[in-house]
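Dropping the structures in below, format is C-alpha cells.
Each of the next two complexes has chain A plus one more chain, namely chain B in the first and chain C in the second.
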Partner chain A sequence: ELAHSYVSDKFFLLLISYFCTFRNAVLEFECNKLGHSIPAARKTGTTICGVVFKDGIVLGADTRATEGMIVADKNCSKIHYISPNIYCCGAGTAADTEMTTQIISSNLELHSLSTGRLPRVATANRMLKQMLFRYQGHIGAALVLGGVDCNGPHLYSIYPHGSTDKLPYVTMGSGSLAAMAVFEDRYEQNMEEEDAKRLVRDAIAAGIFNDLGSGSNIDLCVITKGKVDYLRPHDMANKKGVRTGDYKYKRGTTGVLAKAVTKLDLEVVEETVQTMDTS
Partner chain B sequence: MLEESTESEWQSEVKTGTTIIAVEFNGGVVLGSDSRVSAGETVVNRVMNKLSLLHDKIYCALSGSAADAQTIAEMVNYQLDVHSIEIGEDPQVRSAATLVKNISYKYKEELSAHLIVAGWDRRGGGQVFVTLNGLLSRQPFAVGGSGSSYVYGFVDAEYQKGMSKEDCQQFVVNTISLAMSRDGSSGGVAYLVTIDEKGAEEKCILGNELPTFYDQ
Partner chain C sequence: ICDFLCIKNTRGLRSQLKDSVPVTGLGTQIGAYGVQDTLRSGFSSVKNELLPSHALELSEKNFQLNQDKMNFSTLRNIQGLHAPLKLQMEYRAARQIQRLPFLQSSHLALDTLKGNDESISFEDILNDPAQSEMMGEPHIMVEYKLGLM
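Moving on, here comes the complex of A and B:
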C-alpha cells in the first residue's frame, strides 16, 4: 500500500490513507458479536472555540484527553498547525483530528508551493470538508479552523459529516454550549486583541469547569497578519496543589532489634535517571 | 447521562431542520429560508444562509442534512461554471435543476437532502424546480423542509397567480415567519433572495422585524 524510497517525510503523509475504515468497522462488529470489545478510542471530550477580532483570529482549547471516563492525557495539545498563517483546533476522536490536520497541512504546503502564494483559509476549509464528506462521518473530527490570509481573518467550524459554517465566533466539543453562552453574552465586533484573548479564555474556562469532558489548562493561539502567538499554556486554570501530609515515616519510628550487612561485589556501568510524575 | 453529555455532541449529524420556499412571479423568482442549523437538540448555527448561489441568476435552497446539501450545491456550482463557459452564455435554470436532480437521483440511497432550484433565464423567465428524491418538476411555487408541513395550508390558500414582485416577497416572508413560529427546527432570521433580469438581490430580515400573527 505505501510507497517507499526517495519521498520525504511530508510526502509520506500524503500516501498514508484510510484504506482500512470499512474493514475496521466490520472487524469491530464481528468482535462485539463474539463478546469482546475493542479498546476505547481516545477522545478529546473538549471545549474548543475561536473568535474573529479587529486584526485577526484567537483560537482557544482546553487540554484534557479522555479514554472513556478516565483522563488519558492531562496536557494534550489540541491546536494543530496547518500552515504558517492557519491553525486548527480539533474535537472528537484524538487520532482522527491529529491525522486529518496533518494530511491537510501536508497537502496545503504542496499546494502553496505550487501556487507560490500563502495558502487561504477557504482552501484549507474546502480540503477538510471534502475529505470528511468522503468518509461519511466515520472520521470523528470536529474542527475549528482559523487563519489570516490576503482577504483578512476567517473562521470556520467543520463537522464530522462534512458541513461547514463561516461565522465570527464558533465553539465545538462537549463543552461547546458552556463556551457559546459566554460568547453570546460578551462578543462584540472589532474587539481589541486583549479583549478577544480574555473572552476566549473565559469561554474555555466555562467549558473546563462546567463540562466533565474538558479540563486542565487553557491553550490560546493568536493569529494576525504576519504573526502567530502560540500560547501554551496561556492559563493554568487547574494547577495541582502542594501536599500538606506525607507518607514517609521518620527514622526510628520502628525499633531495630538486629542488623546484618552483606557486601555485594557490584560495579556501576551506566546510570540514567527518568523522573516519574509522583506529585 | 454522563456518557451522553460527552459523546452525543459530535455523533449526531448536523441537519438543517428548515423551512424553505421559492415562488415565481412575472419576470423572476423570490426564494426564502430560515437560518437555523441543529445537531440533535443543539443549535450549532443560528444565522446560516440556506440560499446558496449556483450561478449569477440561479440560486438553490438547502434542506435536510447540512453536509449533503452543502456538498451537492458546491458540486453543482462547479459543474454550472464549466457548463456556462462551454455554452458561452448564462445557463438555463432547467440545466441547473437537472444537474441537482442527477446527483440526487444517482445517490438517493446515500443522501438525505432536498434542494429547491430557482432562478431567471432569458428563455423561460423566472422558474422554480423541485428535485425531491431525484424527480424534476417545475412548479409555480414550492416549499420544503421540516417547517413546510405547517404552512401547506397557508401557501395553498394565499398563493395567487400573477402576483407582483413586492407581493411575492411579502408572501414569502409571511410563510417563513409562520413556519418559524410553529416548527422547532426552524428559527433565527429570514433570508430573502429576489432574482430577475437585472440580477440577484439578497436581503436579511432580523427576528424582530418579521411579521407577527395571532398570539405573538
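Moving on, here comes the complex of A and C:
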C-alpha cells in the first residue's frame, strides 16, 4: 500500500533514516549466521578517575586504546572538553564516548548561550544520563564528569545505562579496581592541589601497571575556579626503550674496488598538456 | 527558486489522522509496482516485518511521539486543558509552513516552537535528509499530500 510508505513530513524523514540504520542490524545478523563476525569496536579498556580537592577537581586518565588484544592507539586522549569549566573522561567504546561528549558539549554551549551563564556540571550530568538511558546501554560510554561551577566543584560518574553517582572520588574502566584501591587508601577531604595530583597520578599508574587494558602515559586535568590545566602528558610512565646498538653497517665497511658511471641519454619524444577538470 | 512552490497543507482527512498514531509497523517501503524496494531499503524478510531487528527499533520510532504525549499530559495536569490544546494548535499551524513534500523544508517555525533549534542530536548529524542522494517520487508524494491517494 503506497500510503504506508509515504507518511506525512516528519515521520517520513524519520522512517527514511531508521529504515536505513536498522538495515545494519539485519546485515550484521546475516553475517554472523554465515560465520563472519563484524570487526570488534575499538574499546578504550581504560583507567579513568577523578577526585575533588580543596579548590576544584583533578581528572586523570591513561592513554591506551585497545582493539581486542592489540593496542590500537598508544597515545589517545581520553579527557574530553565539555565546556570551559567542565571536562569529561570517557571509558568504553571510543567512538561512543567521543560522539556523546561532543554532542553534549554542543548542546551545553547552545544552552549556555541561551541562559547567558556559565554551564553547571549538574546540567551536563542530566543531559548525559537522559541520552544514555534513552539508548538503554547500547551506547557503551562510561564517563567521569567533573567541573567547577557557581556552586563549587562537582564530580559525577555516569554508567552506560544512564545511572549516575555524585561522589568525592570515582574511578571507571577496566583498571578501576586498581585505581580505587589507591583512592581508598590515601584519599582525604580538602587536599591540596599537589597532593591531589600525586594521588590521581598514583591511581592511574596502579591501573596502568596492573591492568592490560590500560597503559602508556598519564594525562591529568586540573579544574579550578576560572582556570583549567590540561597536562598532557603529565607523566610518561611507559617510555619506549632506546636502542643501544645498531646493526647497520657504516659507509666504507666494504672497500670499493672500481667505479663506473654510465649516463642514460633520455630525449623528449612527445609533450602533451592535459587540463584538469575542475568544474 | 521555490517561493512560489510553498503551498498550504490541504491534506485529506486520512493523512491527518496519521499524525498521532504510534508507528508499530516494521514493514519496509513499497517501491514501484507494489514490490519491495531493494535499492532503497535493503533486503527484506518476513521476520523483519514482524519482529524488530534491533532492541531499540520500536522505542526509537515512537520516541518523539511518546515525549510529546508525556509533556502534554504533564502540562494538562499543571496548567489545565487549555495549555496543551493551545500548543497543539500552534504546532499544527507551524507544520503547515513547508515546501512541497519532495523538497527540503526548513521547518523553522516548528523547530522554534518545539525547542529543536536549541539542541543538537543524532538526527542532525547522522543521516541528514538534506544530504540524502535520493529524492521521493514528486507526483506520488504530492498526490498523497493532497489526499488523492
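Observations, loosely collected:
Simple rule for what comes next: the second predicted complex is superposed on the first by the 223 of 279 C-alpha atoms of A that agree within 3 Å, B and C clash if a C-alpha of one lies under 4 Å from a C-alpha of the other, contacts with A are read in each partner's own complex, and residues count from 1 in each chain.
Heads up, the rule we're going with is that contacts are C-beta pairs under 8 Å (C-beta built on N, C-alpha and C of every residue); 3 or more make two chains touch, one makes a residue touch a chain.
Just so it is clear, the structure is predicted and the values come from calculations on it, not from any experiment.
Applying the stated contact rule after C-alpha superposition, one finds that A:187 touches neither chain B nor chain C. Once the two complexes are overlaid on the shared chain, A:111 sits against chain C while remaining clear of chain B. For chain A, the partner that touches more of its residues is C, with chain B and chain C as the two candidates. In the superposition on chain A, A:25 makes contact with chain C only, while chain B stays out of contact range. Touch criterion not met for A:81: it reaches neither chain B nor chain C. Of the two partner chains, chain B is the only one that A:212 touches; chain C does not reach it. Of the two partner chains, neither chain B nor chain C is touched by A:230. Looking at chain A, you'll find residues 136 touch chain B in one structure and chain C in the other. By the touch criterion stated above, chain B contacts chain A in their complex at residues 2, 5-7, 9-11, 13-14, 37, 39, 42, 44-45, 47-48, 65-71, 110.
By the touch criterion stated above, chain A contacts chain C in their complex at residues 1-23, 25-27, 29-30, 99, 103, 106-107, 110-111, 114, 134-136, 138. On the chain C side of its complex with chain A, the touching residues are 11, 14-15, 18-19, 23, 25, 27-30, 40-43, 45, 48, 52-57, 59-61, 63-64, 95, 98, 101, 105, 107, 118-123, 125-127, 129, 132, 136, 140-141, 144-145, 149.
By the touch criterion given at the top, residues 43, 45, 66, 69, 91-92, 129-130, 132-133, 136-137, 140, 142, 157, 159-165, 167, 172-174, 176-177, 211-213 of chain A touch chain B in their complex.
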